[in-house]
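Below is one structure. I have some questions about it.
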């Protein structure tokens, strides 16, 4: 019962944050709402017994990414006049909802018909750091290495792209 | 509180991200909407993992977080570059794919 | 011996690949081009030597290619394709001689690709294969006009491409339809000419083919790509277009028209003959006031191709042999004239007739060769053109009096513009541009002399050449009521 | 084999000369002249030897060198024949040709194109020999066209002047128009009798099986070819302009040999024309009209070469009257004699022109008798011969034609022929007087004439004087030797001796009347005439035929050509295509507003698509 309450509270934050992010006119408000949603998402992971994911989400998504975004927003120093006016925001959002609704509906239909209505029983160690680590290095070594390559490429790419802009 | 709730929530988040990508012109918001869509997928993956009791989904989700991080780095760098080039973060200002620019 | 045709077709492609792999220098590339074309020439001559004029299709090679749809690699040569093979094999070394100084690598590669395309189209007996080569030969020309042309060349390259591809799409539809029809009837797929010829096909299927050929030849009303493309293409491309590709259109009319659409062709016969007769005069009239030398001869070419089409469509012994003879001699003569026009352009950078004149004063050799080719196109006796025109006129009179009279106007058609053109280009006072016009060098004479000798020989002793195709013609016409 | 030599020698030497001229830097006139004159000399020796054999009654020679073309029933042998008709033609063509070659050596001296000239000239000899010796109509046609080509090249010899090239074009085009008729006739003939062989003898053997109407059509079309080659109405306009070529060319091609090919051809087809007298009558009418018209024009011309050109045309008219009325022997006889005196006249005129540094207006000449007697006296003989004064060559041949005309069913031809004879005498004497006798209008005190120019005149003068005796009619004790030798299918009637004497007397009187009139008007010189009367102006402007051709043919042709390009191509064909491509382009413009380069819009389209698909799936599931 308490889990349900937690779930609905978190869900409220999550959806509220997401909606706030796409509707806020000021960038900084969007970013703040987004951070709220991300934190709520970490909570969702905890609810799902994914303790390691919960940590990773907090550390990487919230800690690193959001901070980075904030940093960029501030460092580029975007003042009000650079922010797009978006005079028809309401209309555009409505359009977006109209387009997105069938897609969402389709996905939901698919999920509803293909997944069990209950959780499977799990051992206590499920989702812990040790367990995830064992799985990761037992059968996911190659993807893991590939992801590290991707990160490296992204790192270099990010530097190159931002330097290039500087020169011109 | 069945798995379906989590699935519904994830899909909804995905939809909200989609709306953001479609409707917003602010590059930052577009970027965050994409992040949101990825995170929504992340949530779904975690849920599937929990439903099946299979940690593979959790691992995939973990890798996805890394991808999100990489994507964030690139996207932010691009925003900086674009902003430097045009002094704008309005997506409507970047239309170099159109024919008038090629001609 | 079975593979000789494949060697003939793919030798240039081999040279091209070798050049690409070795990242050939200009000299090596030149060597490859010359080498491959000379080898092809040698093979083609050997082919002609071993050719048995009394037999039908020879040197046949069939290999499965796309098995599930019965598409085969099916090549063979008979008297009619042999003529085209010999022309192509002869012209290519001369063209390379013409572009000897050409420094752009792509040019050489494209020419080699082009040779494979036209050879393949002339030799393939599987409709799908034919279609493949038919399109293959278009692309290098398109690129050559687009990249190396002059005078608004991107536009004309597009126009050429769009119009000819439109035609070949219609042909492709017909081919597919026929192939499906064959499948429906016999239970297995085949696109081989000999198989498809067993069935009878409707007029609409024939129309697809006719459209492709009418555009490629071109017959009047399908011709508007011609003058512009000829006018803006680089010289070797023009030579190939007028001497080979246009002839392939006529050849196609022959090869596929007769074997596939015997019945339905009769349906179109009067219209095609009327169109050809119209084209004969229409193009000649067109040429009269043309201001650009190359465009003028484009129309001249059109006029003669209409005559060839006429010879084919009247479908009697004289008409067909005349058409074949004209295919050969006009290919040589127009190659000569377009090469020389290229030389003029290289020397004075203009082809506007009004800006030329008096070339004969400082360049007698040039004037001699130019006048020779022009007179050959005009059909003066002693050159092969006359023999061909005579035969077609005889055939046309056999077909009908009115057709004959109109066909005989070919005697008049060429003189409408040729002599006035000669006057303005070769004779009269020199213009500012043609002052000190450089006469032909040894390389250029070597390039033109074979053409002149062959044309003279074909005019003085045509019986040296006619036995090559005469028996097959008799065979072909003997088999019909 | 010797027959083949008649053709190979001139073609071979022409090729050799051409090669030397084009590809070497040899410019020795002596070498070129040696080769250039040597070849015709050799062939005239061969021709005379063979011709002598024919006179002695040898079998006519037939040689088949090789099969020229063999398609289905069409079997054309490259065959030559040397019968009586070709013997006569070949003999005088080669002999006169040789003399004119010799003359040309002097005339062309110092010209940069010396070698080229002889290459062309020998080429012409070869082509003419081919025409004369051909054993079937197709080979004849080849020779026929090649002499036209040689004529084109030689008229335009001085190609720096655009006017000369225009004249050359005109000549070739007029000839080609004639050939259009010729080749249609040949093809029709082939269609009618070709199955059984196409040599002259084979055609003759089957000609009776041909439908009369078709035969008439063939006859007319053949004559159209002759009209072009022999400058008859209405295709005569090229001949006066052809005088733009060097004078030896005018002498050889446009007076003595090529232009008479039309007459030769009709005589060759005598077996055909005998069957269709109505067409013969048509030929005669065209002939007499041409004779009359050109004689009239000649009386008003002041260019010395043009006078002779019109005179040639007028004499050709005579010949066609003869062959048209069936007197083939008389026609060829006139061809034969005419060659001598007309070649002589042209060569004399050439000598005059050279001496006066290319002055061609007779009203600016005069008094030349003193300076060049070796030119004057031969020309006097030629003038007398041309005017038909007894006993010079022209008298006998012209008399034979007039006799045939008077004796025919249409004596009107005879009357008109006499009128032409009067005009001929008048304009020839006018020329002679103004050039040689009238007071000088120029300042030359001494004029040099090279022996190359004057010596060849002498044998021709002899020929002009005596050549007629060969064909002398029975009335004069000759017995029509030439006509009998030719043995063509003459069907003309003969006059009694008495009426023939009367006719001869009359024609001589008329000639002298013409001389007298000319003498009265021009002996003491005259100014260039300024035409006043309408008729005179008409004559001087050649009845405006050239202008008419220009307005009726050339101008519309160019208009049509432009119309083809601007209306048919651009508007009609490309316009229709343009409708398609234009419509496509409009459509594309509408679409391209969607393609605005805004990636978000692309994403929107894409997502809309996904959305629609989702709806579809939802609905179907």
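The first chain written gets the first letter, and so on, giving A, B, C and D; residue counts start at 1 in each chain.
As a convention for this text, contacts are C-beta pairs under 8 Å (C-beta built on N, C-alpha and C of every residue); 3 or more make two chains touch, one makes a residue touch a chain.
Predicted, not measured: the structure shown is a model, and the values here were computed from it.
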Chain pair showing more contacts of the two, A-D and C-D: C-D
Distance from the mean Cα position of chain D to that of chain A, given in whole angstrom: 100
Inter-chain centre distance, chain A versus chain C - centres from mean C-alpha coordinates, in Å: 67
Length of the line joining the C-alpha centres of chain C and chain D, rounded to whole Å: 37
Centre-to-centre distance between chain C and chain B (centres being mean Cα positions), rounded to whole Å: 60
Per-residue multi-chain contacts in chain A, two or more chains: 99-101, 103
Junction residues of chain B, two or more chains touched: 18, 21-22, 25, 91-92
Per-residue overlap in chain C, given as positions that touch at least 2 other chains: none
All chain pairs that touch each other: A-B, A-D, B-D, C-D
Residues of chain B touching chain D in the complex: 18, 21-22, 25, 30, 91-92, 94-101
Partner chain D, residues of chain C touching it in the complex: 162-163, 221, 223-224, 282, 285-290, 317-318, 321, 358, 360-361, 364-365, 368, 375, 380-382, 386-387, 390-391, 393-394, 397-398, 404-405, 408-409, 411-412, 415-416, 419-420, 422-423, 426-429, 461-463, 466, 470, 474
Contact footprint of chain A on chain B as seen in their complex: 1-9, 11-26, 28-29, 31-33, 35-36, 39, 42-43, 46-53, 55-56, 58-59, 61-63, 65-74, 76-85, 87-92
Chain C-facing residues of chain D, complex: 18, 21-23, 66-72, 74, 78, 116, 138, 141-142, 145-146, 149, 152, 156, 159-162, 165-166, 168-169, 172-173, 176-177, 179-180, 183-184, 187-188, 190-191, 557-558, 560-562, 564-565, 568-569, 573-574, 577, 581
Partner chain A, residues of chain D touching it in the complex: 604, 607-608, 610-612, 614-615, 617-618, 621
